[in-house]
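The next part holds the structures, each set out as structure tokens.
Two complexes, one shared chain (chain A), two partners (chain B, chain C).
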Partner chain A sequence: MSTSKEISIIVEHVTRVEGHGNIVLNAKNGEIKKIQWQISEAPRFFESFVRNRPYYELSHITSRICGICSIGHALASLKATENALKIPISSQTEHLRKLPLHGENMQSHILHVGYLVAPDLYRVGSVFPLISSAPETVKKIVSLHRLANEMSDLICGRTTHPITLVPGGFSAIPSKNKLNKLKTRLEKSLPVCSEVANVILDNVDKLPDFSRETEYIALTDKTEYALYDGKIGSTDTGTHSVEDYESIVNEFIVPQSTAKYCKHRRESYMVGALARFNLNASLLHPKAKALAKKFKLSPINYNPFMNNIAQIVEYVHSVEDSIHLIDMMVDNGLNREDKPLKIHLSAGRGIGAVEVPRGILFHDYTYDNNGLCTKANCVIPTNQNHNNIQKDMEAFTPQLLEKPKDEIKLNLEMLVRAYDPCISCSTHYLDVRFIDE
Partner chain B sequence: MNSIGVIGIGNPLRCDDGIGIYLVNSIKNIGVFQNTSISFLDGGTRGIGLIHLFDRFDKILLVDAVEMKKKPGSFHFFSIDEVQSNKKKDLLSSHSEDVLSIVLLAKEIHSYIKPIYVFGIQPENVSFGQEFSIEIRKNLVLLQEELKKTIQRLIEK
Partner chain C sequence: MTKKQSKPKIAFFDFASCEGCQLQIANLEETIIEVADVVEVVEFREVMTEKAERYDIAFIEGSISRPIDEKRLKNIRKKTKILVALGTCAHLGGVQRLGNQWSIKENLKEVYPTAKPADMKNNEFFEKPRHKAVDEVVSVDYVIPGCPIDRTEFIRVVVALLHGNKPPIPDYPVCVECKKKENVCLFTIGKFCMGPIARAGCGAICPSHGNECEACRGYISHPHKEAQIDVLEKYGLSAKEIMDRKTMYTYRYVENEKQEEEA
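Here is the complex of A and B:
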């Protein structure tokens, strides 16, 4: 049945997301005239101002791209530098780097689901009403968030903009005693995770039932649920080398967005927790797998709203894997003298890819013989998701037109929030050439 | 002895918005409060992450640029309970920050209400940049001295 009403919705600055994005919907007589996800954030020019900076500065500069994913940016940056300059790392360094990446995933996911998405499930405007209606749950969310932050503090020197991550390894390594204390806290947090998950489970029916067949892209590995390392995986085309990332992301410009769009096999693709789950669910740790089953989440799930459920599943996986990593490092004998080797400079290009909370992140650097950066390119996960948000909106909106205006608005905002976008991080510098008229 | 957390808040890349962090670091570096129960912290733009700092101390002093409609470069010491935010608290996000909303959230979560005070500095310019405005620069020494006195009074309180 088509509706005769005229619908005009403009949401300026969608709330409870990072950065600024607008939703515009014009519809009349059941026909959508315009549905747009608009990005108006300014580019931030990181790829320009890292030029001529020495290799040891780049991870510290680029970690400032984001305050939430600063560890992920630092690690993608270090991997790109290490690949370009052929800097080896020890297996201990590789294992130790995975811990703060887990910590970052945990703090971002619990913050997003607990503070930003949960209000939608309870149909309130913010987390404040939840404090009086569900105070114990909010306290548990705060405690899980704190644990994740302090985990990153321990390994990286601080939660935001890590200090101890350097080319070739770490400038300081925590003691076995501190790692064991962290492990105890992680073990104690598992029942708390479960309690919070149960609260979300009680309200999961509030998530819209919407599906659109989509390509999912994430790091993938044969031996573990990939966050730190792996090949590029696609649900459509299998695995690809990280060096081929440009042929995967295919960035292009659209008038409604200062952030670029991406596409691969289809018109758009999705990255993030749901993409990782769809590609790698079989490699989750047991409790995370059990939680996914409880939520009836199984691959391949095409509902973007389930991205937030995948985030809760990943939180539990990160806790389990962190416990496993600590056990492994302590059993192997933690070497606190494991310092980076002397670096021999030579020109080269390297690409680093890691999974950050919102999806696959690429850093691509070129250096000269003096170790100065001559070129850089960073492709951010939210950048890769903008096109898919647009396509999801185009497919989802027709189902909403019969609803009251406020409900249409809420559903479209929830769709954006489902992606957990980090918008100001995603507007990286545009490289244009003016065509003479 | 009660522990006191002196937390600088703000963004050093937005001109006068960085004054809180600058003052806290300068007092810390002078070392006059060494071997006391005072901790000096850079709260930066942590947003919701600030909640985790609030229950570490018996008293909190936030040092931040505050729009008070006063003469730029002037300061005012007040309890957090004396003010209301002009910002919408529904706009809570992982990056945006209304400190008063975060304090409110912390108080409601922790139920035990710790004394939280603010040493607020009236900014003139909070656009992008790394330099303080002239009025802030003129008053830097005075602001440092007044902050030191404020901390001393909190110790004695």
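Here is the complex of A and C:
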């Protein structure tokens, strides 16, 4: 029988994920000796070198933790700074900030599902062969990616490392005319979203059928599908104040892996689109809700591969919510609000939490009386997921052992990819050696 | 030779970075489909599984920090005809170079106070994490500066390199581009800006959006001699004062200066 074989798989630097991670599997006679999710990214020590930097530099520095979620990092950073220094923001600023957060979620989700996951469904190594084999679908995916980026370009000056987001508000704001044009494009994208979703729906059976009960954590709010703000929600323990984040994430280190791990009530928890969906699905906009139904996605769903589907659902929700936000801003009239802020500096600590594509993100800063940062802590979504990836691997691998080696490898890589890990983010601070056996 | 075999082989590699410069390649949107038609992308871990042995052009993103990274980079250098440093991390060492201000021990202690010394001992992942630019480790044929890189500049450079040319990197201050755009000078409204000494090529994107230039493309070659003198004079500033005020991306120059003083 095939279980008597010895299986040894080492995937060094898993491809089509952000950053450097490895998968190691050793099995003999159907018994798993070792299954590990490892990280080998170079450390950059952000929390160390932001010390002594002035408050107005912080969001520009920490956005560089991650190119893919730089807007989310900038917003978590600004919220932390504004909380620490008691800088108020207007409701216009809050609405306007929500737009690029949607833009970034849309950009990241479509990049992930369209460019990084779709090749697995077609059993090819990258999106490049799909350009010739499925040109129409690729073009639609590209158009959705372009829309997401142009939305962030319009509000932030550029899509990666936003320029206009500053403490207290914006250094420049878009015209009403441009916002209306954006709205028209968003409306036109909804049918394209459906077409792309249908292609994925035709292939959804290629996502492995695997479930493992776990805890889901995401921001949650009574009035909207929380992304920019809210309380910490858990499928196990209800809601918690953002100020208590350290007792939720409980960062710790394990010798066999790299970045800090996290756990709350169980041995691991998951953050990201599926976690948000599991906690907040009832607050999705109608078209997103309908799409979830089409994919038979309903809370609580314990299949990590459905994170890909939750991302598609969220793309549609973000389009709908952006249209709603633009309507609201245009109705209220846009104020320029570009006068330099008068900030009264005093020592303090502030925490900012934002939902970014891969899950809940925390920035926590302490400033001295001169507005210089003395202490920083950033807790990254992918760090919170590493432990859950490991536990999923342990539960998923026994189902795979009968399969050919290439299929085992592909399935494990697909599992990692389903989490859309952002390893640059997760090792922005730390790397630990793997202890070889 | 078939047409496919004759396409130039292009590869992308990432070191310590946010991978935002690679993302700009994905952000070329439809243009990337056209690019894929004239070149063969043979290695690009972030978006593809395949790997290759030889490249015509290798793009390097990220700063180089540990001996294992240096080894990997030197190996890439051996396998490529042209090596391009992509973005500020590869060009200058990135924001993370600011970490070089502290000892490795101090950085580890600040970021990871509970780490056991045993976890770090004989640990190649922890060995000498000092951030350097790519040209401090291997020879570099071309630089595309910026944090992040500008997508259109990337395409311009690739097209030129494919034709055997090296397009000149702008060597004049950001002020030149900013004035062309008829922006209000940020100094006049009480803000600070590194434009008078920062290398142009970005289209003055930050000042055009009401935010100060942070010199992510580094300084012009001779900032003390060739800065935007009229702006400096008008606001009573020297190049040195601008350099000292902000070092987010320019810590490489601070390190160079220290080394020169020591030598």
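Here, the second predicted complex is superposed on the first by the 421 of 437 C-alpha atoms of A that agree within 3 Å, B and C clash if a C-alpha of one lies under 4 Å from a C-alpha of the other, contacts with A are read in each partner's own complex, and residues count from 1 in each chain.
Heads up, the rule we're going with is that a contact is a pair of C-beta atoms (placed from the backbone, for glycine too) under 8 Å apart; a residue touches a chain by one contact, two chains touch by 3 or more.
The structure presented is a predicted model; accordingly, all values stated were derived computationally and were not measured.
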Is this a clash or a fit when chain B and chain C both end up on chain A? clash
Is A:H145 touching anything from chain B or chain C once the two structures are fitted on A? First, second, both or neither. both
First (chain B), second (chain C), both or neither touched by A:I163: second
Counting only touches as set out at the top, which of chain B and chain C does A:G125 meet: first, second, both, neither? both
On the A-aligned overlay, A:F45 touches which partner chain: chain B = first, chain C = second, or both, or neither? second
With both complexes overlaid on chain A, does A:H112 touch chain B (first), chain C (second), both or neither? first
Please work out whether A:G67 is in contact with chain B alone, chain C alone, both, or neither, and reply first, second, both or neither. both
Of chain B and chain C, the partner touching more residues of chain A is C
Show me the chain A residues, by the header's touch rule, that chain B contacts in one structure and chain C contacts in the other. 13, 15-19, 67-68, 111, 115-116, 125-128, 131, 138-139, 142, 145-146, 149, 159-160, 424
Please give the residue numbers of chain A that touch chain B in the complex, ascending. 13, 15-19, 67-68, 108, 111-112, 115-116, 125-128, 131-132, 135, 138-139, 142, 145-146, 149-150, 159-160, 422, 424
Quick one: which bits of chain B touch chain A in the complex? Just the residue numbers, please. 44-49, 51-52, 89-96, 104-105, 108-109
Chain A partner contacts - residues on chain C that touch it in the complex: 14-24, 26-27, 29-30, 32-33, 36, 41, 44-50, 62, 65-66, 69, 94-96, 98-99, 101-102, 106-107, 110-112, 114-115, 119-120, 122-126, 129, 131, 147-148, 189-191, 205-206, 208-211, 214, 246, 248
Chain C-touching residues of chain A, taken from the complex the two chains share: 13, 15-20, 40-49, 51, 53, 57, 60-61, 64-68, 70, 111, 115-116, 119, 125-128, 131, 138-139, 142, 145-146, 149, 157-161, 163-164, 166, 170-172, 253, 255, 258, 260, 338, 340, 424, 429-433
